[in-house]
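Below is the structure I would like to discuss, written out as C-alpha cells.
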Amino acid sequence: MKDGVYYSEYLQLDKILNAQQLESDRTDRAHAHDEMLFIIIHQSYELWFKQVLYEVGTVLDIMGQPDIKDSSPDLFVVNHRLKRVNVIFHTLIGKIDILETMTPLDFLDFRNMLRPASGFQSIQFKLLEGLLGLRMENRHMQEYYISQLKPEDVETIRSVEKKKPLIDLVNEWLERMPFFDDKSFWPGWDGNSLHEFWKKYLEQYNNSLQPAEKANYNRFEEMVVGNEKKPGQSLSPKARRAALFIMLYRDYPLLQLPFNLINNLMELDENISTWRYRHIHMVHRMIGSRTGTGGSTGKDYLTGALNKHYIFAEFAELTSFLIERRNLPQLSDKLKTRLGFEQ
Amino acid sequence: MKDGVYYSEYLQLDKILNAQQLESDRTDRAHAHDEMLFIIIHQSYELWFKQVLYEVGTVLDIMGQPDIKDSSPDLFVVNHRLKRVNVIFHTLIGKIDILETMTPLDFLDFRNMLRPASGFQSIQFKLLEGLLGLRMENRHMQEYYISQLKPEDVETIRSVEKKKPLIDLVNEWLERMPFFDDKSFWPGWDGNSLHEFWKKYLEQYNNSLQPAEKANYNRFEEMVVGNEKKPGQSLSPKARRAALFIMLYRDYPLLQLPFNLINNLMELDENISTWRYRHIHMVHRMIGSRTGTGGSTGKDYLTGALNKHYIFAEFAELTSFLIERRNLPQLSDKLKTRLGFEQ
Amino acid sequence: MKDGVYYSEYLQLDKILNAQQLESDRTDRAHAHDEMLFIIIHQSYELWFKQVLYEVGTVLDIMGQPDIKDSSPDLFVVNHRLKRVNVIFHTLIGKIDILETMTPLDFLDFRNMLRPASGFQSIQFKLLEGLLGLRMENRHMQEYYISQLKPEDVETIRSVEKKKPLIDLVNEWLERMPFFDDKSFWPGWDGNSLHEFWKKYLEQYNNSLQPAEKANYNRFEEMVVGNEKKPGQSLSPKARRAALFIMLYRDYPLLQLPFNLINNLMELDENISTWRYRHIHMVHRMIGSRTGTGGSTGKDYLTGALNKHYIFAEFAELTSFLIERRNLPQLSDKLKTRLGFEQ
Amino acid sequence: MKDGVYYSEYLQLDKILNAQQLESDRTDRAHAHDEMLFIIIHQSYELWFKQVLYEVGTVLDIMGQPDIKDSSPDLFVVNHRLKRVNVIFHTLIGKIDILETMTPLDFLDFRNMLRPASGFQSIQFKLLEGLLGLRMENRHMQEYYISQLKPEDVETIRSVEKKKPLIDLVNEWLERMPFFDDKSFWPGWDGNSLHEFWKKYLEQYNNSLQPAEKANYNRFEEMVVGNEKKPGQSLSPKARRAALFIMLYRDYPLLQLPFNLINNLMELDENISTWRYRHIHMVHRMIGSRTGTGGSTGKDYLTGALNKHYIFAEFAELTSFLIERRNLPQLSDKLKTRLGFEQ
C-alpha cells in the first residue's frame, strides 16, 4: 500500500462510526433494534446541516460586501451554493422514507428512554433559520423554545441573530440596484414623484385584474410604492421594485443571475417547508396525538412552525403583481445596452 | 416487418399525440410556448388517474365481498394494487418538478385564455375521492364546487357516492374479525361487559401516559370502547379495536396482510395530501394571491381541501393508543395457533 | 357554470381516456389485469416524448441561426428548455418504479398477445435520438432496426437525419467563438503556429499527469490541437478548444450560459443513458433471457444500444484535460473586460 | 430545562461534527471550498453503510438458524429489514445528485491532495459485499484490490468471508422446502426419477418457447433439474426449484413472505448495481479518463465491478423459466390446504 492519505483516517471514521450509543442498550434495559436507525438518521441530518451552514456562511460573506461587482464571479458562486443547498434539502426530504420504515410500535420500544430529548433541540437547524432571517421574536412558541434548550445553546442562537441575516443582505443588495434612479435611462422623466415606469405599470396591472381581484391593486401600492420598510416586513418597497423588475426582464443577461438568486431563495423556503411538512406527517404517523419526547404537542407545534417560519415569502407574493409580457413597458435603448454584455 | 400488433396502433398514438390544441394558437392570439407543457402534464395526470381508478375499482370489488377468505389471494391482491396506487402517487408528486420549470411570467402568456377551466374540474380526481370515502357534504366549499362543474359531471360524482366507499368496506371487514367474540380464545372470560383484553389494555395504556397526556385516556375510551359508529366518524369502535389488535400483533402470519392493508391506506392518505401540498406551493408560486382560472381564491381553497379531505385519518389516530410491546397482554395458545399457518 | 373553456374539453380527455384497448380483452381471451398499466405507462411515456421533441425542436431552431447574439435571450431560452427536458427525463426514470410493480408472472398473462410490438418501435424516441445526433449508420444493429418498423416510419426517421442535429449545431456554434482568433486579446502573440494559450496550457497539463497517465498527453494533442473534424467524431478540435475554455473560465459572465449549455447536454446524455439502464434492469427482471416481444434478444440488444448511443460523450471526455485553477494561464485585461458586462 | 437525555449529547454531535479536517486547509495549501462537501458526503455514506451492516447482520442471524418456523415472526422481520436496506440504498443513489453539484474544476482544487485514498477503500462496503456473498476470488481485479488496503483491513474482509454469506443461507433455506419430497402431497407419484410436477412443467415450458428460444429448454434442464450445486454457482438446482415454485404460487399465504424475500434480494442487487452505475457516471464526469486518486483506471475498474459483482443474479435468471399462469399444473387439495392458514 502506498504512503499518503488513507480513506478511513481522512474521514475520521473512528469517530463517525463509534458515536452510536443506544439508550436501550444501557443496563437493565432491553435492546430496541430500531434505535440504531433513529440515531443514524439524526446524525446524518446533522452532518448535512453542517454542510448547509458552511455553504450559507460563505453566501453571507459574499452578500455582505458593500458592493457586488456584476462582472465578478460573486453572484455565480452564490447561486451555485444555494443551488447545492437546495439539492441537499431535496435529498433530506426523500430520506424521511427511511425513517418511515420504523413502525410506531417499534418506536415505542425506546421512545420513553429519550425524554426529554427531541429533534426540536437541533441547534444547527435553528442557527440556519437564524442566518436566513428568522428572529427569536417571530419564532413559534418562543418561551417553550427557550425552556427546551441549554442556556448556552440559547446564547449561541441569539448571538447569530445579532448578525445581519441573508434576507436583510438581499434586501440591501436589491435596494442598491441603480437603474431607476439614473435619469439617463428614462428619457423624458423629470425624476420627481412616482416613477414613469411604475405609473405605466400600475395602470397595466389595474387593467389586468378580474373584478374579484381589485383589492390586489391597493396591496400592490402598499407593497411596491414608497421607500420605507414597514415594521414586520422583510423587504422594503424599493427592494421589491428591484425584485419585480428582475422577474419581468430576467431575459437580459445582467438580470439572469439575480433572477436565479430570487428563485433559489424561494425554492429554499419551499424545500424547508416541505421538509417540515413531511416531518409533521411522519411524527403524526409515529405518535398520533401523544406528546413528543420533548413534551411538545407534537404535530401542533410543528404545524405552527410550518406556517410561521417562512422567510422569503415576500418574494413569492410579488408573483401576484406580474403583468403579461406583451404589456410590459418598453425600455430605452440605453438601458437595454446596459443590461447586456460588453460589445 | 412481421404481421401482428404494431406499437403505435396498439397504443392508439394517433389519438394520444393529436389531442393537444393550444388556446394560444387560435386566430388572433400569440403562441405561448409553455402551454404545450401545461396541456401535456395535465393529460398525463389524467391518464394516471384512470389507472388509479381502475386499480381502486377492483379493490372495491374484492373488499365488497360478504366474506374474504384468509387463504384466498384476495388480500394479497388488494395490497399489491394499493401499493401500486401509492407508487403512482409518489411519481405524480415528483412530476410537479416538471411544472415548476414554467415561470409565472410564462404562465401569464396564456393563463387568461383558459378561464374558467381549472384543475378543479378534474372529474376523475373527484371520483377517486368519492370511491375512497369523501362525501359531497364533507367537501370543502361544496357550493362553489357544484357551480364549477357541468350538471352531468356533478351527477356522475353523486352517483359514485351512492355506492359504499372503500373506507366503509374496510370498516365492515374489520368488524367481521372473529377473535374477540369467540370465547374459546379467551379462557376465563365470561363474555359479558368489557372484554378482558381491553380491560387489561386500558390499564396498561393509562400507566403509559405522561401527566400532560391524561386526556388521551378519555379519548381512547370514546373511540375504542362501545359498538356504534358515531355520526361523522368513519370507523366504528368495533372496527377500531380490530385495527388496533392488528397493529399490535402484526407479527403473526394471519395479521400481516391486514397490517399491510392499514398501512397502505394511511400511506395513500399521506400521498394524496402531499400531492395537494406541493400543488398548493406550486399554485402559490405561480399566481401568488391572484384568483385561479376557475375563480377560486387559489391557494386558500386548496389549503381548505387539504385540511378537510383526509379519508383514513382515523387509522393514523389509533397510533395514539399503542402501548409498549413488552406490556402487551399475552394471547392464549389457542389464539396464537389460530393466527398461524396450518401445521 | 360560466361560459368558456372547460377542463375536460380543453384537454380532449374523450380521446386521451378512450384510447386503451386491451389485447387480452378481445374475444376468446382472458382479461389480464395488468395490461392496462402496461398501456398507460407507455402512453404516458409517449406524451412526454412529444413534449421533449417540442422543446428540442425549438432548441434546434435557435441554435440553427447563423449567429447567436450574446445579449439576446437565446442562450437563456435554450438552457431553460434543455433543463426542462432533463427534469422530464429524470421523472421518466423514476416512473419505471411503477412498471416494476408488475410481476413477471402477471406480464406473462398478456405478453404473447403483443407480438411483435415492442417499445423498440417508439418512433418518437428514435426521432429524438436523430435530432440530437445519432445517425442510422451508428445505430446498434441497424438491420434488425429497420426490419422492425413500417417503411413509412423508417422514412420518417431518415428524413429527420437529413437535418443538422443538435450536436452539429453546437459544434458550429463553438467553432464561432471569437476569442482565440482575435490577436488583440493576446498581446505578444504573432498569430502563427500553436496558439500561445494552448502552448502554455499543454505544458501545465503535462506537468499535472501522473506517470501512469502520460498517454493522456497524446490524446489531448490529438483531440484538441488541429482544426479538422476527424471522421467518426462529433466535435472538431476547434470546437473542443472553445468548450474547454468555457469550462475553465466559466466564472466570467459571458461564459456562464455557454457553460450551462455544455452541462445540460452532458446531463441529457446521462439521463437518457440512466433511463436505458433502468429499462434494461426492468426488462431483465421481467423476461430474463427470453426474447422480447419484438424478437430481440431483450437485454443484450438494450445493452448494446446503451453503450453505443451516447451523443455528447466527447464533452465528458474533455474533463480529462482540465488543469488546476491555480495553474491556469492569466487572461489579458482586454479579454477579461470582453467577458464581462457593459460597464 | 428538564433533566434527562439531551439531543446533542445523545447523538454525540461533538464527535460527528468535529470530524471534518480538510487536507486543503493544511499549512501551505489553499483552502478548497468543495472539499467539505466531499468529506461530508462520504461520512454520510459510511454512516448508512453502518446501518445497512447492522440490518444485514440480524438478517444473517435469523436466516442462519437451522430451521425457520413458518408461524414465527422471523421471515416477517427479515423482509422488513431487507426492505429498509433497499429504501436506504434508494436514498444513497439519489444522494449522488448532491455530489454532482461539484464541478470537475472544483474537484481538481483538492483532488491530488487525497492520493492515494479513494472510495475504493471503504471497508464497510466490502464487508457488505462479503456478507451478501461476494468472495475474494470473484472480486474484480483482486490483486489491485489487496494492494490498496491496509493488511489489517484485508484481514477483516477475509474473516467475514469465513462465515456463510446470505446467499448460502438462502440457498439452504430454499433446499429445506418440504413440499416436493412429501409424497402425500402428490397423489399418484411414486417418488422416483423426475418429479411429476416438473415433468409436466418442462413440457409446458417447452411449448411456450418461440423457435429462437429453444436453447432455453436446455438451460432450464441444466439449472433446475438435478441436485448438486455446480461449481461457480450460488444456488443448487434444488433451491432453484423451490424458488421457482414460490414465484409461481406466491398467491398462497404460506408463500407470500418467501416471495417477498426473493424479490427483496433481487431488488437489493438492482439497487447496489444502480448505485455503482450512477457512481461510474459521476466519476466519469468528474475525472474523465484520468486515473482515480487510488490509482485505478477509474471508470474501467468500476465498470468491471459493476458487471461482476451481482450476487443474486441467479434468482433473476429464473424469470426466464416461468410459464403462463393458466398453464400451471394444478396442486392437490392437501397441498393447497398446507399452503394456507390454520382453519
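Remarks
First chain written, first letter: the chains are A, B, C and D, and each begins at residue 1.
As a working rule, a contact is a pair of C-beta atoms (placed from the backbone, for glycine too) under 8 Å apart; a residue touches a chain by one contact, two chains touch by 3 or more.
Since the structure is predicted, the reported quantities are computational estimates derived from the model, not experimental observations.
Between chain B and chain C, the superposing rotation on Cα atoms measures out at 180°, rounded to the nearest 5. Each chain gets a centre from the mean of its Cα atoms; the one farthest from the centre of chain D is A.
Our note on geometry: chain A versus chain D, Cα centroid distance of 39 Å, whole angstroms. Between chain A and chain C, the centres computed from C-alpha atoms are 33 Å apart. Touching of two or more other chains is recorded for residues 250, 295 of chain D. The part of chain B that touches chain A in the complex is made up of residues 30, 103-105, 108-109, 112, 210, 212-213, 216, 219, 247-248, 250, 266, 270, 273-274, 277-278, 281, 284-291, 295, 316-326. Partner chain A is touched in their complex by these residues of chain D: 1-2, 4-8, 10-13, 15-21, 23, 33, 36-37, 39-40, 42-44, 46-48, 50-51, 54, 58, 80, 83-84, 87-88, 90-91, 94-95, 97-98, 101, 113-124, 147-151, 153, 295.
By the touch criterion given at the top, residues 70-71, 73, 76-77, 250-254, 256-257, 337-343 of chain B touch chain D in their complex.
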